[in-house]
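Okay, got some structures for you below.
Presented sequentially are two complexes of subunit A, the first with subunit B as partner and the second with subunit C.
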Partner chain A sequence: MHDVTHAVRRRRDLIIAAVLISVAACVPLFVKDVYVQNIMVLTLMYAALSQSWNILGGYCGQISLGHALYFGLGAYTTAILLTKFGVLPWFGMLAGGLISALIALALGYPTFRLGGHYFAIATIVIAEIAYLLFLNWDWAGAALGIDIPVREDSWLRFQFTRSKLPYFYFALAFAAVAWLVTWWLENSKWGYWWRAVKDNPEAAESLGVVVFKSKMGAGAISAFLTAIGGAFYAMFVSYIDPESVMSFQFSLLISLPAVVGGIGTLWGPVLGAAVLIPVTELTRSFIGGSGRGVDLIVYGGLIIIISLTRPDGLLGLFSRKRKKEAVR
Partner chain B sequence: MTAETIIQSLASGLLMGLLYGLIAVGLSLIFGLMNIVNFAHGEFLMLAMYATFFLFTFVMLDPLLSMPFVAAGMFVFGAAIYLLVVRFAMRAKTNVGMVQIFATFGLAIVLRGLAQYFFTPDYRSITHSWLGGKTMSIGGIFLPVPQLVGAGLSIFAFVALYFFIKRTDFGRALEATREDAGAVALVGIDQNRVFALGWGLGSALVGLAGAIMATFFYIYPDVGASFALIAYVVVALGGFGSVFGAFAGGILVGLVEATTALVMPPSLKAVGIYAVYLLVVFIRPRGLFGSI
Partner chain C sequence: MTALLETRGVWQRFGGLVANSDVSISVGRGEIVGLIGPNGAGKSTLFNLIAGVRPPTQGTIWFDGHDITATPATERCRVGIARTFQVVKSFETMTVIDNVIVGALVRNTVMREARRKAFEVLEFTGLSARADVPASELIPSEKRRLEVARALATEPKLLLLDEVLTGLTPLEAQTGVELVRRVRETGVTVLMVEHVMEIVMPLVDRAIVLDLGKVLVEGKPTDIVRDPKVITAYLGDRHAVGA
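Coming up: the complex of A and B.
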């Protein structure tokens, strides 16, 4: 009985995702405004990044506040390989992902043994060390960063000046892949272990060793996908510096959509990004342009209100409604 | 590198470390009391620095004199933040840790935004306070007077805090609530009141630090961010919730920072602090003096 409803729910999730992706793919046919298209690209990118973060932070409960490290590594690997060695960004993207995954494995080994706040602070501190090193690393542009020269539009070099649409479709594919990986993980052996550990601390002890290994795996997958996002971002804005891709602010931006939408859920990061990113971008351009901080007040206020009133995230709004309907 | 420069920088590292301890102790106190890390702690420091600056600019009150007022103001502010925000974060039935982290992060962002809006992003400084810009020579070592006074203040505050916790009723209630909040409620101590006062006390301590910091550091909306990270490291190094740990952690961080600055470019001096944090928690996952 339980298994049937579970399978039905999973198939329903897949259908909803397919419909959403198809609808999203058609949106640019009607929305020609470049400003709005830009917001859509960012929304999709953050949905994908937060989905990647959610694999480790949500499902495994390892709150990383240092994912800017992997994002920055993806961005820097791609930019350095392209500008210094002429390597196409597609290979740079893959290299950045692999480097990040390896680093996540190396860091996971000592850090996953740390509890709660000690772990969170360790992730901040590690990302901050990398940030400071890049800030002082002359060969990698130091504080000035790396300018990626813009040439003719090409899929090979993943550069487009005339239209934002290619970026949009890549971001959509990226978000879809991150979602699918999560969907697949949810039903995997790992997914069951993670749920078991969350529901029952005693189960955690008996599963100790295997869960540790699964967390290492989750960390590597999460880091790989986050680095892909960083590589994409470097090509999208064609300029990176430590501040814009590796600062602590970025770690926060990556985790927030999942927290706001619903942490450790399949749809939370998508919903959170769809709410947060447009709100941030719109307040920034309409009231925050003067640098007077109103955008920060709105953004921070939104986070406080959502985390206090909806600890499960915005997704809780839907499930509550559904439960009420079911009671009727 | 002569022995003199080494002693010189270790001495100033020690002074700075004592100040780091004072900045961090409020964070540790609040954590010990109710298992919450206030991620807006740096912004509390920033507000205290601005309060000191404005009292100096508009009322001509020297930071040394305005210190008690700043601390009192921060006490009220901290208690109010507990009653208005944190109290509700503690009520969450699910994702408790997450809610607390992100509610206080949201608070930090709002406070920074408010500071930008009302105080502008300009860098401010208190130009000629009684302490500012003076140095003192002790046995051939030159030490800046503001840091020297700050270090003395820090030692005084830690001693006072020790006696406060051991000797007063509120201090004992605080200690008892740390040990077992449920049992305390049974005895008839209002837990909410103790928590609010704990937040007040923790914030007043960072207020003291802010008043001193304002005499030798630039004041701007983001100033809290860098000190906040140092404060987390100090608290975690010493062990979350341990008041003595914050003291020892502060000194350790100050000395490590000074040593790193001797061997690496100054812009990398924080790397030493972070590396020591990682080293310590990898060996002792609960910090140097943390219990369970």
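Coming up: the complex of A and C.
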């Protein structure tokens, strides 16, 4: 009886996702405005990035504020391989993902021994060091960055100048894959191990959970997916420098949707990105030009209001109703 | 047949403090053994050594014919030792059944089987009606039962209970006592630390009394409660005179 309701709930999530993806895929048929399409691409990209971050930060409870590192590595690997070696971005994307995963393992080896806030601080510092290294690394363009030469539109080279739609569909696919990976992991041994590690490492160990290995696994998967997003972003904007792909603000932009939407939940990152990214972009376009930072005040204010009224994230708006049903 | 669990000359020192000195105990298969003693007797230290929290300073621990002295805590539940915590350590953000699934994953690799096993254990421990509730919403006695359920889901040969009956109402404690008896009926050996004598004594087959880090006496509960040495340890010399 019980496992039936569980299976039903899992299938319901899958159906909702399928419907949302189908609806999203149709939106460009009606929305022709390039500016709005741009916002949609970014929203989907951050939904996917935050979903990736959520695997380590939300499920496994290891709050990383340095994911800009993996985002930047994905972007740089793709851009360098393409401009210097003529490697297609699809392979660059994969290479960036693998490099990031390996770096995540190497960095995890010392940092996953740190508890709580110390881990978060270490991630900030490490990402900042990487940022400075890239800022001074001449071969990788240093502060000038890398310009990806624009040629004819091509799926092979993943470059499109006439339309944003290919980027949109890639971002949608990326978000769908990140969601699906999370959906699958949530009901796997790893998913259970991660949540156990987050809630109580000592109890987890007594139940056979290999805490360190769990963290390493979460870190590698999270970094891999984040780098895919970085690779996509590099092709999307066709110019990268340390400031635009590796600065601290990306670490925040990647983690915030999950935190605001509902940390450690399947739908939190999607919901958080759907609210935060359009607000960021719209406030920046319409009131950001004043130079007084009004857009950031609005953005910050929104986050404060959400964290005060819905400390568990926006998803709490939905689950409260569900809880009432359960009580009945 | 050899004992299921044996500690041989186990010492545990913390700096200058000797928490366990030369402790040799054994627990036979199918027994319910009580590990009792006044506060500071070294019960929890010994318990943690058996659970694998840290290796003893000296001595060896044997389980099911193997030396497990160096086996880390994570591995011990695979060997067949499961434990509960004195201060409950539920996975608060997870539902009750998800808590138990973590334990069930030790012996079940397929999720569906782990879930089924977990639900079985919840029914056994009387928590099945609470399966989908977050662990944070359980009342204290339910959390204690969840600790036991999680441990049982690992399908242990030996269940280590750390003061699971302490701090419960008499009725709750009685339910707990019955649960421990039923656990034993399924073939699981139980070693329990308690310091409330009147609850454990009717339950255990044998009691081991620790005092000042050493084994003071061991034997049938009825003999233990009359032993002058035990009375002295618990109540001081004055009360032992009349015994």
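We adopt the following convention: the second predicted complex is superposed on the first by the 310 of 328 C-alpha atoms of A that agree within 3 Å, B and C clash if a C-alpha of one lies under 4 Å from a C-alpha of the other, contacts with A are read in each partner's own complex, and residues count from 1 in each chain.
As a convention for this text, a contact is a pair of C-beta atoms (placed from the backbone, for glycine too) under 8 Å apart; a residue touches a chain by one contact, two chains touch by 3 or more.
Note that the coordinates shown come from a computational prediction; the quantities given were computed from them, not determined experimentally.
In the superposition on chain A, A:Leu207 makes contact with subunit C only, while subunit B stays out of contact range. Of the two partner chains, subunit B is the only one that A:Gly116 touches; subunit C does not reach it.
In the superposition on chain A, A:Leu135 makes contact with subunit B only, while subunit C stays out of contact range. Touch criterion not met for A:Pro149: it reaches neither subunit B nor subunit C.
Counting the residues of subunit A that each partner touches, subunit B and subunit C differ, and the larger count belongs to B.
When the two structures are aligned on the shared chain, A:Gly86 is found in touch with neither subunit B nor subunit C. Within the complex, the subunit A residues that touch subunit C are 2-3, 5-6, 187-189, 192-193, 195-196, 198-200, 202-211, 264, 326. Within the complex formed with subunit B, the residues of subunit A that make contact are 63, 110, 113-118, 120-122, 124-126, 128-129, 132-133, 135-136, 248, 252, 256, 259, 263, 291-304, 307-308, 311-312. Residues 51, 73-75, 77-78, 82-83, 85, 89-94, 97-98, 101-103, 105-106, 109, 111-112, 115-116, 119, 128, 131-133, 150-151, 154 of subunit C are the ones touching subunit A in the complex. For subunit B in complex with subunit A, the touching residues are 31, 37, 85, 88-89, 92-99, 101-103, 105-117, 120-121, 221, 225, 229, 232-233, 236, 240, 265, 267-268, 270-271, 274-275, 277-278, 281-282, 285-287.
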